[in-house]
Amino acid sequence: MNGLLWLFDGLLVAGLAWLAWWALAATDLFKGIVLFVVFGLLMALAWARLQAPDIALAEAAIGAGLTGALLLSTLARISSAPRSPPAQRDDRSPSE
Amino acid sequence: MAILKRTGFAVLVMLLGAGAGAAVLSLPPEWNGLSDTVAARLDESGVTNPVTAVLLNFRGYDTLLEICVLMLAAFAVGSFVSERRSAGLGTGRGAAETSGQGHRGVELPIARPGRVLTGLVRLLAPWIILVSGYLLWVGSHAPGGAFQAGALLASLGVLIVLCDHRLLPRTASWLRRVLLALGFWVFAGFGLVPLMFGQALLQFSGPAAGWVILGIETACTVSIAMVLLLLFVCNARLPSLDADADRARGTGA
Amino acid sequence: MSWSQCLPLLVVASSLLPGIVIFFLPEERRSWRTTLNLSGALGKIVLVALMLWGVFQGERFVVRYSLLPNVEFRLHADPLSLLFVTLSATLWLLTTIYAIGYLEGSPNRSRFFGFFSLCVAATTGIAVAGNLLTFLIFYELLTLATYPLVVHRGTTQSLSAGRIYLAYTLAGSAALLLGVVWLSSFVGTPEFIEGGYLDEVDPRHQGSLVRIFALMILGVGVKAAIVPLHGWLPSAMVAPAPVSALLHAVAVVKAGAFGVVRIVYDVFGVEFCSTLGVTEPLAMAAAVTIVYGSIRALYQDDLKRRLAFSTVSQVSYIILGTAVLGPLATLGGIVHLVHQGVMKITLFFCAGNLAEALGVHRVSELNGVGRRMPWTMAAFTVGALGMIGVPPTAGFISKWYLAMGASAAEEPWYILVLVVSSVLNACYFLPIVYAAWFKQPAGPWPVDQRAGRLETKLSLLVPTIATALLVVGFGLLASVWFSPLGWASLIVEREYQR
Amino acid sequence: MTTAQFYALCGVVLFAIGFHGVVTRAHQLRKLLSVNVMGSGVFLVLVALASRATGGHPDPVPHAMVLTGIVVAISATAVALSLVRRVHEGDAGEAPGDDAREAGP
Amino acid sequence: MSASGAWMVSLVLAPLLAASIALVVGRRSGPYAALAAAAAIVCSLAGLIGQLERHGAAASAVGGWGSPLGIQLHADGLSVLMLLMSALVGVGVTAYAWGYFGLARRRDEPFNAAASRARESFWPLWLFAWGGLHALFLSGDIFNLYVALELLTLSAVGLIGLANQRTASFAALRYLLASLVGSLFYLLGVALLYGEYAVLDCQRLLELVQGTRATTCALALMTLGLMLKTALFPLHFWLPLAHGNSPAPVSALLSSLVVTACFYAILRLWCTVFANAGTPGAGMLLALLGAAAIVYGSLQAICQQRLKMLIAYSTVAQVGYLFLGFAFLGRSASAVLAWQGVVYYALSHACAKGAMFLAAGSIMRSAGHDQLEGLAGIGKQLPVSVFAFGLAGMSLMGLPPSGGFVGKWLLLRAALEAGLWWVAVTILAGGLLAAGYTFPLLERALANRAEPWVARRVPRGMELASLVLALCAVALGLVAAQPLELLEIGAPFQPLASQEANP
């Protein structure tokens, strides 16, 4: 039993890390958001694994569900009304 | 030059991660924190689910501030939405005053709501309400509670707005705002009551504690549902109002 | 404490309150402004007279208020402060009369007279300051009050002069602040005592005490225009005449010199200074400034810049007097504090009259002006003779005592410096007097109708003549007990008999 | 290495990935995603450390903290998203405030 | 339950309840709700100060549970002084906002969607921020500190976003992202601390915390996170744009209260939780960053063209002063004096910076822009505002009668006693550089103006509010004895001073 559990943990952690990396590194924003939603679901699984059912419920409903919906709707807003790149800044702010 | 900066920063992040990792590993493996103290005082808190006890009784002050954060976020998002488009929060009369012809349909990006969606929502609605009510009730002795129930209700709200877009704008804006603040008022109200009797703020003890906590949780569930719904609606793309906005931008500013 | 106890506070307030009220007076309320100004000036003189009478009876005036747990704001009236207060009170009255006449019809006078009174309040505060912290507070308030006066005209030239003025004075006050804080870490902030309070500090700190002395003199020296730090003085000549008169004769420059006197006598004590070995470099710096100021004055064609450089050298007489050990030199130095004030203000009033009546600014245009403006040029001549040190005038007395002091202290070098500078003074003042009286004017002088049969407005003429009379008066009546010399000898007695 | 430590390490890794993303990614939406990933990382560390408790059920205090954290995260994300929307398309009500000529009223 | 507990609760709940009422009622209720909240705050603060002077530091357990389980509200000299600061500046900003936003749309100007929205949204957001500030100053629990910081940050973002221009939205977004990253660093530190000591209350952590590896890592993470929120030099990139482009009352309360509150969080952590873990080396690094902030911020401020950007960079510089106190970690003799100087400097900086931004707001309202070149002759137009700006500048420069001078005096005294020469020189250089960016405006105020001035009416209340705040900054210099006695209550810096034990 213990070996199987370790395998599950290993897979879960690897999945989490991989999803996190690709959610941020994906070229297309939409793909990034979808990966982020899947990442949210996997997190819910991780909470369940760590005997935190309350958080698993909350994560599933808020983390994956609502955040995903919000992100997708904002993405729709931005891609449909493309304006000039982020606002011109009249101050030579040092970084990014 | 950028590559150097980028890799340099990546090394820095790895160092940070290694340091934090080492710190985490150096923590004592056997350790049971406050779980015993919580278990010992659980019966005085009026609920049996330890997480709800901590959330609403032992560290109730945190949750009170957090409800404030939610209310604030909803208000801030509402204030970022321009006057004409604030179907959500916004100042009711201001909105009506500008859009003149009142609220026409509020369509969403996805195509006209097909039969499947409205049918599904009509089927699911009672169950979702039942489940969230159950989640709220079960929170006192098993995993569940205000946040989860509120989130579920909010998702139901989102589904309904997706189908029938005229639902939200028809409800009076002051009602929406009262619902928004309801959670905080009930929580602060119940919290201030013990202050009158010389006890500390948010001190719920004795037999009524369970019921008081349930009352607070119901109010919070309603507020959380309202907040999360508004967070979604204010951000959603509302093509009809955009049309007015585009026309206004053309003529106005 | 009874009202008489807080006389020093009343003296400071007597020019502070009118100033604040004048700020809020609208521009056209001319009569209100004049009455406020004059009543403030007269009130101050009455209060100073009361304080003089009180101190003479031996009464101690002390106002103290604790700012921080062991740091207090303290005002007191000792003979040295009274000397400076009387000087600034009388000359403020005369300068106010002069300024009212001079600025007739020019813009934003409310602002001018507001800052003018604040500046004098700060000067009075410096005079009656009871300890180093209070001195520092009023010292920096003086900078803030005089800056708007220097840039009063609002032209780009006066703005850049203001910038230079600020750079010097703020840097100086930073050095002074560092010195005062460093000293307070050894002895806290005790009040000024006649013979100084640092001789009982344990010898281990001698090294840092020397550095503290250098920092403080650097801080105060900026306003006393010691050579490397005098740059702001000539460029501040852009200001209107009453400002340069007030700045260079009464307020700023004197505050610097007064600061040096306080630090040397009432903080370190002159014997302790000589044991520390700091008096020689100070005297050297003063000597260098005296000669350098006079030489630079020779080449200035603009009248006010020449007077500015002569101020740079004259103020260093006071510092020379304080730096040379011995009662006679100290007496010369302290009495020169008053005499130089009176003489310099006369010269500036004359320069102002010339500029106002005839629009004459350059020395080369002064040929034959004596015939056109006899009274002004007479006052100018008296002032010039005083500067050179010709016997009946006040200048002679202070130079005389300085020379006596130098010889008593076996310092022949300083006598030589005095002689050389007197000669240089003659070289740059006598040509003006000669040109004014004995040369033919180039063209006809413009006639100033407003003045009627007088050469210029009465309110410009009376102060000039009054100060000229004072120059001669202080010279002739020097031996009388209430003259500046008498008062200065009282101070010196107290300094040396402790 | 117990499971608690293993998940805590995973939390730290997520935190690092998120922090890297916030600084290096240019687009604001990606930065927001990175912040959410960072948040999940910290919450994972909290809950993993809580699961070390012996005696069956884990320590409830970190669970309450994480619940509060998640709710705060969603509200911050929603505010950020509405700002992103305003930045990208300029709010329809672009008409400047009543002190019209001020750069920022 | 002790009266001080009641005062503390009312200090936190009054603004929050007023905010919720303003939010629900909307329309014109905002200003009146703010007025009521301000009155309640001032009374409860007076009550709390009275209590503290009689009974010393007060702690009130919320919910009646003990410290490991429940949350403690803790008030000692340091938090009371910070509450005094937030009350002073808060009342000033509220009075100013009455005039700035106006109670209702004036008849003469056309209806404007964004303006009326800003007019109504300002009040609830500002009251939330005020409540968050008081929750932060009174919290004795490190996780509660996190929630209070979030409440404060979100309301600040809402306030910055009021301005409706794109630069304001961009600035608000960048500020929000920076703050969220800072908060998450802080939260990871909290996780490590809780993971090791299983307690969240500051006072109990003081006894338990030693310099283990996890604790030092937690200290580093928490300090880094809060440094990002306080905009200390290398991490200040978000501040100038956010404070320079938001409405005047908003930038006033951001620069004076929000930044100082984040610094207070660092100070509270280093004084109580990490008193034994903080190494002098780390303290020296923070102090060096502070010194660099003073120089960098001042130089940037000197060469700014816009008045509000100038004042924003001045905030970056003045924050540097606050971190100089960390140089005294190892030297317990002068540490208490230095920290008193730092706290007093923070108090007078808050009043002075608030007055400066409010004056700048009045100048912008009258001139229509805040480019420095075009402001020649502003002194004749707005004498009261320029005078307030001058007084505030005097306090920033640390010239005598002002509160800044007292802070500077205490810091210099401590630096000289501890032999930290570079701290003394930095303080003096900072004062001179502050003159470098204060006098340009005063110079233009006194300069003559060629073309006639077409100015817009500025409500009298706005100018008076900035003048009152500036006079507060100066009055702090004259009545320094009482606040410093107040700071002694509960000896907040005692753990730092008794740090001589471990190196």
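In order of appearance the chains are A, B, C, D and E, and numbering begins at 1 in each one.
In this section, contacts are C-beta pairs under 8 Å (C-beta built on N, C-alpha and C of every residue); 3 or more make two chains touch, one makes a residue touch a chain.
Since the structure is predicted, the reported quantities are computational estimates derived from the model, not experimental observations.
Number of steps on the shortest path from chain D to chain E, with steps defined by chain touch: 1. Think of the whole protein's Cα atoms as having one middle point; the chain whose own Cα middle lies nearest to it is E. The chain with its CA mean position farthest from that of chain E is C.
Relative to chain A, the most remote chain by averaged C-alpha coordinates is C. Between A-B and B-E, more C-beta contact pairs are found at B-E. In terms of their C-alpha centroids, the spacing between chain A and chain D amounts to 10 Å. Our note on geometry: chain C versus chain E, Cα centroid distance of 43 Å, whole angstroms. Look at where the CA atoms of chain C average out and do the same for chain D: the two points lie 66 Å apart.
As a whole-number value, the distance joining the C-alpha centres of chain B and chain C reads 72 Å.
Annotation for chain A: residues touching 2 or more other chains are 54, 58, 62, 66, 70, 74, 77, 86-87, 96. In chain D, 4, 8, 13, 15, 18-20, 23, 28, 32, 45, 49-50, 57-59, 61-63, 65, 67-68, 70-72, 74-76, 78-79, 81, 83-87, 90-91, 93-96 are the positions where the chain touches two or more neighbouring chains simultaneously.
Each of the following residues of chain E touches two or more other chains: 113-114, 117, 143, 147, 150, 154, 157-158, 161, 166-167, 169-170, 188, 192, 194-195, 198, 244, 306. Across the complex, chain C meets chain E through its residues 23, 66-69, 71, 108, 111, 136-137, 140-141, 144, 147-148, 151-156, 159, 162-163, 166, 170-171, 173-174, 177-178, 181-182, 184-185.
For chain E in complex with chain B, the residues that touch the partner chain are 1, 5-6, 9, 13, 16-17, 19-20, 23-24, 26-27, 60-65, 68-71, 111, 113-114, 116-117, 120-121, 124-125, 128, 131-132, 135, 143-144, 147-148, 150-151, 154-155, 157-158, 161-162, 169, 188, 192, 194-196, 198-199, 212-214, 216-218, 220-221. Residues of chain B that touch chain D in their complex: 6, 9-10, 13-14, 16-17, 20-21, 24-25, 27, 29-36, 38, 50-51, 53-55, 58-59, 62-63, 66, 69-70, 72-74, 76-77, 80-85, 147, 224, 227-228, 231-232, 234-235, 242, 245-246, 248-249, 252-253.
Interface residues of chain B, counted against chain A in their complex, comprise 49, 51-52, 109, 135, 143-145, 147-148, 151-152, 154-155, 158, 228, 231-232, 235-237. Only residues 105-106, 109, 112-115, 117-118, 143, 147, 150, 153-154, 157-158, 161, 163-170, 172-173, 176-177, 180-181, 184, 187-188, 190-192, 194-195, 198, 200, 244-248, 306, 308, 364-365, 368-370, 456 of chain E touch chain D when the two sit together in their complex.
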